[in-house]
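We call the chains A, B, C, D, E and F, going by the order they appear; numbering starts again at 1 in every chain.
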Amino acid sequence: MQDVMKKAEVLIEALPYIQKFNRKIIVVKYGGSAMSNEDLQRNVIQDVTLLKLVGFKPIIVHGGGKAISNWVGKVGKKAEFVNGLRVTDSETMEIAEMVLSKVNKQLVTMVQELGIKAIGLSGKDSGLLHVKKKYSDGQDIGFVGDVDKVDPEILYDLLDRDYLPIIAPIGLDDNFDTYNINADDAACAIAKAVGAEKLAFLTDIEGVYKDINDKTSLISRLTCSEADDLIASGQIGGGMLPKLGNCVSAVREGVNRVHILDGRIPHCLLLEIFTNRGIGTMFMNDTDELTSCAK
Amino acid sequence: MQDVMKKAEVLIEALPYIQKFNRKIIVVKYGGSAMSNEDLQRNVIQDVTLLKLVGFKPIIVHGGGKAISNWVGKVGKKAEFVNGLRVTDSETMEIAEMVLSKVNKQLVTMVQELGIKAIGLSGKDSGLLHVKKKYSDGQDIGFVGDVDKVDPEILYDLLDRDYLPIIAPIGLDDNFDTYNINADDAACAIAKAVGAEKLAFLTDIEGVYKDINDKTSLISRLTCSEADDLIASGQIGGGMLPKLGNCVSAVREGVNRVHILDGRIPHCLLLEIFTNRGIGTMFMNDTDELTSCAK
Amino acid sequence: MQDVMKKAEVLIEALPYIQKFNRKIIVVKYGGSAMSNEDLQRNVIQDVTLLKLVGFKPIIVHGGGKAISNWVGKVGKKAEFVNGLRVTDSETMEIAEMVLSKVNKQLVTMVQELGIKAIGLSGKDSGLLHVKKKYSDGQDIGFVGDVDKVDPEILYDLLDRDYLPIIAPIGLDDNFDTYNINADDAACAIAKAVGAEKLAFLTDIEGVYKDINDKTSLISRLTCSEADDLIASGQIGGGMLPKLGNCVSAVREGVNRVHILDGRIPHCLLLEIFTNRGIGTMFMNDTDELTSCAK
Amino acid sequence: MQDVMKKAEVLIEALPYIQKFNRKIIVVKYGGSAMSNEDLQRNVIQDVTLLKLVGFKPIIVHGGGKAISNWVGKVGKKAEFVNGLRVTDSETMEIAEMVLSKVNKQLVTMVQELGIKAIGLSGKDSGLLHVKKKYSDGQDIGFVGDVDKVDPEILYDLLDRDYLPIIAPIGLDDNFDTYNINADDAACAIAKAVGAEKLAFLTDIEGVYKDINDKTSLISRLTCSEADDLIASGQIGGGMLPKLGNCVSAVREGVNRVHILDGRIPHCLLLEIFTNRGIGTMFMNDTDELTSCAK
Amino acid sequence: MQDVMKKAEVLIEALPYIQKFNRKIIVVKYGGSAMSNEDLQRNVIQDVTLLKLVGFKPIIVHGGGKAISNWVGKVGKKAEFVNGLRVTDSETMEIAEMVLSKVNKQLVTMVQELGIKAIGLSGKDSGLLHVKKKYSDGQDIGFVGDVDKVDPEILYDLLDRDYLPIIAPIGLDDNFDTYNINADDAACAIAKAVGAEKLAFLTDIEGVYKDINDKTSLISRLTCSEADDLIASGQIGGGMLPKLGNCVSAVREGVNRVHILDGRIPHCLLLEIFTNRGIGTMFMNDTDELTSCAK
Amino acid sequence: MQDVMKKAEVLIEALPYIQKFNRKIIVVKYGGSAMSNEDLQRNVIQDVTLLKLVGFKPIIVHGGGKAISNWVGKVGKKAEFVNGLRVTDSETMEIAEMVLSKVNKQLVTMVQELGIKAIGLSGKDSGLLHVKKKYSDGQDIGFVGDVDKVDPEILYDLLDRDYLPIIAPIGLDDNFDTYNINADDAACAIAKAVGAEKLAFLTDIEGVYKDINDKTSLISRLTCSEADDLIASGQIGGGMLPKLGNCVSAVREGVNRVHILDGRIPHCLLLEIFTNRGIGTMFMNDTDELTSCAK
């Protein structure tokens, strides 16, 4: 009987969120470990389709991970990096695009297997992602681009008709040349452009820590100012910095909540969204009230 | 962490039902102990509003319980019964209608307090419930009626505009005279007329037992034929008989599932609907497949 | 033949009004003698349904009259008054609500008998009438309230779907406690909130007189300023004062025409609305032109 | 006061008809004396616009009367007749079309003066009236045609947008040549094609008499069979025969009621339609019940 | 093969215009020689129906030309002119209206023959053209009017339902008297009132010349300022002046392009609209860019 | 001037087709030489976008041509064929999918450059193409599939919102494994499923010849029976046979017209569709009338 009452409690906790997020857009950046382990992959895809079932309008933005390097190797090229950014000549760009397409259609297939209509897009389709060439400290690193305009019309059209869009981070510039885009940046730009309710990054960390050495210091909620302070304090490690920047910028430009989640925890998306406490770090505006249901 | 995984499981179990029952009508017959205890009252009303929040279209049909007898006493009348049916002269009918109105508006107020739009109706409003005079073994027992026609238009109109209708079991006959109706019968007639997905009776028993003396023999699911057999077997006690009749007749006339629940268990509605096993007895068609998700 | 020409004249006089008031809302405050005489009752209900037939959207607001006192007596309580206002303890309030419900459903039934869809509401339904406790010269007189907010959504929804709403003057305060409201005040507040074209008070007087002692001095039309002057002149008797206040305030807050009619004249509503001269007193804005068709 | 009650009675008699005929089509054949007297003209046009104001959708079909002969004379031609039908050579047809256009636009102007949107059409517009050449006892009488197809689309489009169509009885044959049509026939064909509720002929007689010599024997209502009997009895005079034929044929092909009215009685249309007894002769189906409100 | 490539070129040139002008209104003033030659008549009507087929919404405004004088003669009247304007007494007005009606219905018939729904209107219908009496140098010349208000509602309604309106230039003044209107002026007023994309005058000249004596100096495009200069230069002949005034005024009040075409060239409308260079003179705003596709 | 008249003729010939095909679907199979020459590529894409501009709803289905073999070589694999069908192991399938994706997005980019919204799909997206494994004379040739079900919903949704879908011929089987599909077969299956008005194959031949050795014997129109006879006659060469089979089957299953065009002729699509004679071979039903405008 006690077990049954626990169930009732979980439901009473979760149900109001379902109403609250009805017809709202959530952008999920999918990458990292959650992408290489097949069980986790199934978990993530199941979570996203459940979100869709109960009324969310999810959009997945994915990276290509290690597969690109593998294929670059297969054709006998050597990968080259500048400041951690892949130098992308036109042949490398061709391979990157082909590999991302392959990954994209794999995700489409997995969603279709669960009975949900999915469509794979790249940023080229209907002019979704427009880019400007990016330089690394002034150095030309080839076809690497920064998003400078998003045309969300195709996303609205697909969401209206109940499709789940899955997006590969590739774009066109003014000359209709093809560019690679960092997947975090693409997800962030898209979330802003569609006025998403939520943006969730599936990562390989549990969230943001007050003290990176103290695993008990995970921060559940962070306002933008608090994030600014944290960045200013110098405690945030290098790899984490651009991610935090994306989170704060997304909230400041209209995304209501941004979440950093540990993609290695099964069903991290459901747990973050449908429980009061959540399991990762949630970013919010300074002016939002910190009520128990601030999610 | 184990606790967190439990939560994920409850959610993964519950979420598909939410999708399945989206925009479906559930008629809840509210009466018995769940009506006299204030905590249970709050539980029931909270459950119904949560059902509404996540997409159900609930309708409440209520009785008047002991309050009618109290008020009959207050004006100095003596209650009189024939075969367990209250003899209802015109003054008793007047009092019954007034008391049911009072109860009706109390329920409306409780739902409004939770921020949900409710409307209290009697079967007189817009000709909702039309009755024929009922006789008890040929004996005239006054203004007691059987529903012989339901005009569900007002319910569709209110559900369309997102109201929660709360209905007192009173009706008019061809002469536009006022009649009292058994609340179980009214709920059953209304569920059939609106083609409800579900009809749930909140009662003072846990459900139907294979062996009334063996509390472990509670039946989770019962097809109409099985119910027929059970009735034929003579094991079902007197008070339970008409309720079983209502259940079977509702399923046979198009209500997809009928539930007998123990209104004394907090949140019995949520537990029955959003868990695979449920907690009461569910009635279904003979031809329905008994899959794990037959709910 | 002359008789026939008379008919043509009446029609030619009436038809343009029918066009003019198509889809317009009229709030009818129903009370007084027109409520106690059964013939007059039928006349009023017939008039209101005819108004509806030819395109008006009527709303009825009714009082409870002497029936409340009768029932208070039945349960052995003694009615108590302060400055003419009934002292309303919680038991009296319960009885008042029950009696008003009974009257409400009687009116619903009468309209239904004429083949028109009616719905009985109290101000509790869907939060229609919100009140603040009223004090009489600072003295606590119990559950008597002043309307301080009307939520007309339910009325628009019902009128859209072609129902005739019939409203009992009861409301809830911030604590969701039940209060009695003066029916004139309730009608006036509702007419303002829905932007009614017309508000008609069925009373026991013929209208407003220039000289209360001269029955030939009935005023057909009165602008707000003229009404102000009349009030300032001190000629208006006590009982009439709050009614005049309601009329002037309704016109000033957007009700196009307010009518005081003698409910004892059969079909007073039709005659006031569909004849050029009318039979009672009509209130209008100062700036309206006094053309022959100013109705 | 008695006068006032009379008014109420007229209204109570008329109002239900207004509801009954809401959005229904009435075709009025306008011709005869009602066309030559200017006061009667104003009366007819006022009646038709009042019908429109209170919800009818009227269509006027008119003839050209004596004006055609006048203009034929003006250009020095001599009118020629065979069996009472005008021999219509192509020049006569040209004049007839021009004169009917003139009359048509005069009626349009009169309706516009009353603030109602009117449109003048001939049967050529949008292919409204298609004809076959008519022969008189095998003799060629020129451009005189029988309607053999009506394309009512333009009428539905104009009625939908709230225009009052006024139609001159001219049509085209398969070779797109222009033909004159008898106005009674045109009105009858149009009424059938649009499924009119009513077709009213304004004539120079009071209606149909049982005994043509007994002015008190006017028949208020006539079923099709009764009309058949009357025709068979040989009592109906020559000029009346084709009109009766049109009435019976219209009823049999779906027009609910056909009325023969005396266009010389002012406001005959209002009186026939909005009073129980009417003033002319009404044709109806054999199977319709002869209730008091059979109109 | 070369021939085939030519066809492809014509199509590639024409197709973008079809897209550009989809659902746009073009007003065609039809008169002059194009009206008296039957082959040219067929050409014009064919062109207009083709424009309609490919998505334009055309409106034709026509004059009556020499037919009016002919009919005035037939009834034995003598035509009289003041400053080139016909003195129009009431009988002449009657004849003019009748003749214009005849021409109007002829055009309707020709369009119908090509399978397109046409409707003939005069400016009286639904109050389309409202006029003020016009004086010629202060001299009363009878029923000649200047358009002072256009009510385009009827045109929008007909275009919405896919009719081709054909308009005779007749209007009503405040007293509902009938007036004749210059057809160029009527076309210009209508084009402004409906916000036409194009207004095309079919005339008996090729267009506007830089030097009237040099046939090679035809001007293809003219901005309003250039037209002003041309007028100021005194080179434009008398008959051409009001036409140029209409063109400039139409462009300045919102008609995007105005065209003067030689109605004697077969299919001048198609050639002007669907070829880059056109064949007449096109008027445009000063601020429009003179790109190759400025049409 | 003669040149100008020629233009008018081309327009008069072409314009009715534009109306006729408004909102109709045309499926274009794009492959062969038209794919390898860059000028021809631009011509084809321009034609398709012009078709879209004037109201067609085009869908492009493309192959991958030689690029697949190239990439198979790049990764050091050797292409293997059985009966002319590529043996497709899972690595070859991976490469084929990636190459087709690249080609797909190139076409998307070219259409976007012309200002038209394009979306690239594979048959995996939203379950568009479902396949069964194909055997070559009973021999397993790997992941080569036959279309056995098309779910056209995504195409309708995209066409409704005005996108141009570009489809790579890849599908999933019951196990959600990836298969390669012959592009002609995919185009044919899609044209049937969406009920296309037209299906056009861009090929490297001019059309079907009566006598393959006589270049003047090109057949402009062919009914299905005639095609059957031609096939039976044994005159049709091997490579042509399956194409003819596709043409006949498409017409028999509801595609109104199927065209075999020479993709090497610039603008072959425009010339075939907008000229009466066309330039390739058109397939039609036996029962269609062979009028001049049978296109």
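A few remarks follow.
In this section, contacts are C-beta pairs under 8 Å (C-beta built on N, C-alpha and C of every residue); 3 or more make two chains touch, one makes a residue touch a chain.
Remember, predicted model here, so these are calculated numbers, not experimental data.
Shared contact partners of chain B and chain C are absent. Chains that touch both chain B and chain F: A. Least step count on the touch graph, chain A to chain D: 3.
By residue number, over half of the touching pairs seen at B-C are also found at D-E, the match among C-D, D-E or E-F.
Inter-chain centre distance (chain A to chain B, centres taken as mean C-alpha positions): 46 Å.
Chain E has its Cα centroid 73 Å from the Cα centroid of chain B. Centroids built from CA atoms put chain F at 38 Å from chain A.
If you average the CA atoms of chain D and of chain F, the two centres end up 60 Å from each other.
Shared interface positions of chain C, i.e. residues touching 2 or more other chains, are not present.
Residues 4-8, 10-12, 14-16, 18-19, 22, 46, 50, 53-55, 266-267, 270-271, 274-275, 279 of chain B are the ones touching chain A in the complex. Residues 74-75, 94, 97-99, 101-102, 105, 108-109, 112-113, 117-122, 124-127, 153-154, 157-158, 161, 163, 170, 172, 176, 178 of chain B are the ones touching chain C in the complex.
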